[in-house]
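Chain naming follows the written order as A, B and C, and within any one chain the residues start at number 1.
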């Protein structure tokens, strides 16, 4: 039992409608991105994690406890829902304070914690303005502030960047990264894959109620055999480079998309990258560019989900 | 010119939403970006003729923005927010909007079917919109913007709420429209990579002003291009090899950057072999639009206004 | 996704003008209303009951109202029937309350106003939809009654023809009033229930208490009747039909009604103009 979240054969049904189906995964240390198509089971998973729903089958542990009806566990969680409906008439400060008071924290401590949280997310100047005057980006940050204010161990964020402008996005991602660096864990779901890649390499890919992949993006990518890893090499002598690489048995194919490029597909990217510098130096090959166009979360998603 | 404005200003009480804005936007695919409160929304409303400027003038597709109706005849607008009539069918709504734009009944119906085919709505078009998924609703929004075949499309956050596949499909559609040649589009979005893949030209607003504009490629290939190297493995030794060979380096989250000089690339591979590190990326310090945008914003705001 | 379709050639046909665009909104709107059960009920039952009660009144007039002269002033009676007031209110609240508020709620207003029509066109189209439907209760039954009276020979044609004309005129006044007021209320809120409640309040909240208060048994001051739209309307109708005048001055009543209509229209227009079509 090493993960922050341990799910074993979790199933959750709404009548006939699938929520999660024998969902098994262990994840959560540091920052983990949760990605999947709409309807895959992400909201169900979140509701189970925060104890709003109970599993129909299977075993779920969050921070080593069962989340259902678990008040003491909830104190260690910070949840940032997707919905943007906030109490418009409250100011930013009142909003965070009120939710803190619900945790049982005293008024004075709540005020202090609220201000600190708002400062962390960069809303300290706007804290006396009413929430209804906040832009989308500011609302996202306000929600993040209330999730952070009671110093949880685990942040659960549902689409925290949706609708936020680039400036707000930087603030939010920085806050998440700082939180993780100080020892907290973060679960973040988003549809915008490049946002996840910016902060972490750990992902869980959910599809049809199951976890179809979890772990490091690049490790997952390397395992997707049907789509050998593509590497684009920019060189003035592509044929010479191609010749040098034909000896490698894991190279599946080579193409010349342009007179200055070689596109190699390899079944074992780890081996390829390890051997490449040696080959280039030994044969004095002139290589001035190297990139892997499909070693991304976007590609992983496309290959596994479609 | 697609859009020209001179001294365009719109004041709401104390707020100068658009402040002395003078732009010249060429035809083609244009990205409109800016932080919240930059005036993008107000600017678009002014362009559509739905707001009267406090001062200044503007022209869209050759028409003065003072009278919005001739402009809106040639504009297709895809709003960010939910705006569909839930009890109408997909085909019903698109054909209806075609008629409200001035198409006769038969043309509207025929075009509506064509457009729904293009965006990928098949039999669902006969069902009520209330039953549609988010992705399908976005497609209907796109379809109603296209049905009267406008010369200028305005897309406001077209990928909101779409899952990765939906987002990819939507961007593919927008790209097709952008590349079709005779059509222009203005894409307003906070997702700058979307803007990068579709637009050739970008306009950056902040505080009601235009703080930068120009062809995307030109803006991104900034001066002082450095080589970016992403590596896996022994960073310390690798970096040391390079500095020992006389190259300046600056660390990045995934490796390092170094100003281009002759022999740098060859040295990179030598250093990699010697230190046992793997080179995972070698190429321009490609600045993304997002980095560029934040940089420009910082510069403007620090410059004190 | 189908990208096998070649990308579009630009449309060659010119666009139809604003009138046709407005008519498209009106015809689609009417067609939608005629598909809704509540609207069909209100229209069907409302117009039938109103017509039938008027015709029954017509036939039984000599019996029920021995003192009533059989001239133009008779036709005031069907107009003043509470069934008209009730069904006009019902129609306005069932159909009209949602006309603009539904578009505000779904934000479909953004789609409309991004089209080459003006705010005024939009309001005009909605008014045409509601007005047409209200007219099936406020004008049609009265017209039919008068025509039936003529056809059955109960009244001479030189009475019936003016009766038809005055019924139409007076019906238009009532239609216009309720259309304007309902659209105004509908534009003020996203929830059509509130707008509907508002329409009911104007009719029953004003008419009944005011009539009670104005009557001899209570405060007894007829000036109070100016507060009730229905009584204002009746005052004008009385004069139009040559019936016995009301306790209040008809020209003041007409003025009040017109003033309210104009104000409501202006505010509705202003409200539409301020709508957020492009969201932040």
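The rule we apply is simple: contacts are C-beta pairs under 8 Å (C-beta built on N, C-alpha and C of every residue); 3 or more make two chains touch, one makes a residue touch a chain.
Note that the structure is a prediction, hence the values are computed from the model and not measured.
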{"item": "Taking each chain's C-alpha mean as its centre, the one farthest from subunit A", "value": "C"}
{"item": "Chain with minimal offset from the mean of all protein Cα atoms", "value": "B"}
{"item": "Euclidean distance of C-alpha centroids - subunit B vs subunit C, Å", "value": "47"}
{"item": "Whole-Å separation of chain centres (CA-atom averages), subunit A against subunit C", "value": "57"}
{"item": "Centre-of-Cα separation between subunit B and subunit A, whole angstrom", "value": "24"}
{"item": "Residue list for subunit B, restricted to those that touch at least two other chains", "value": "36"}
{"item": "Subunit C: positions in contact with at least two other chains", "value": "280"}
{"item": "Residues of subunit A touching at least two other chains", "value": "135"}
{"item": "Partner subunit B, residues of subunit C touching it in the complex", "value": "1-3, 5, 7-8, 10-11, 13, 15-18, 20-21, 24-25, 28, 32, 102-103, 106-118, 277-280"}
{"item": "Contacting residues of subunit B [partner subunit C, same complex]", "value": "36, 41, 44-45, 48, 50, 68-73, 75, 77, 79-88, 96-97, 99-105, 107, 111, 114, 117-120, 144, 146, 148-149, 151, 156, 169, 172-173, 176-177, 180, 182"}
{"item": "Subunit B-touching residues of subunit A, taken from the complex the two chains share", "value": "35-39, 135-138, 162-170, 191-194, 234, 273-274, 276-278, 280-281, 284, 286-292, 295, 298, 301-302, 305-306"}
{"item": "In the complex with subunit A, residue positions of subunit B that touch it", "value": "33-37, 133-135, 157, 160-168, 190-193, 232, 265-266, 269-270, 272-273, 277-283, 290, 293-294, 297"}
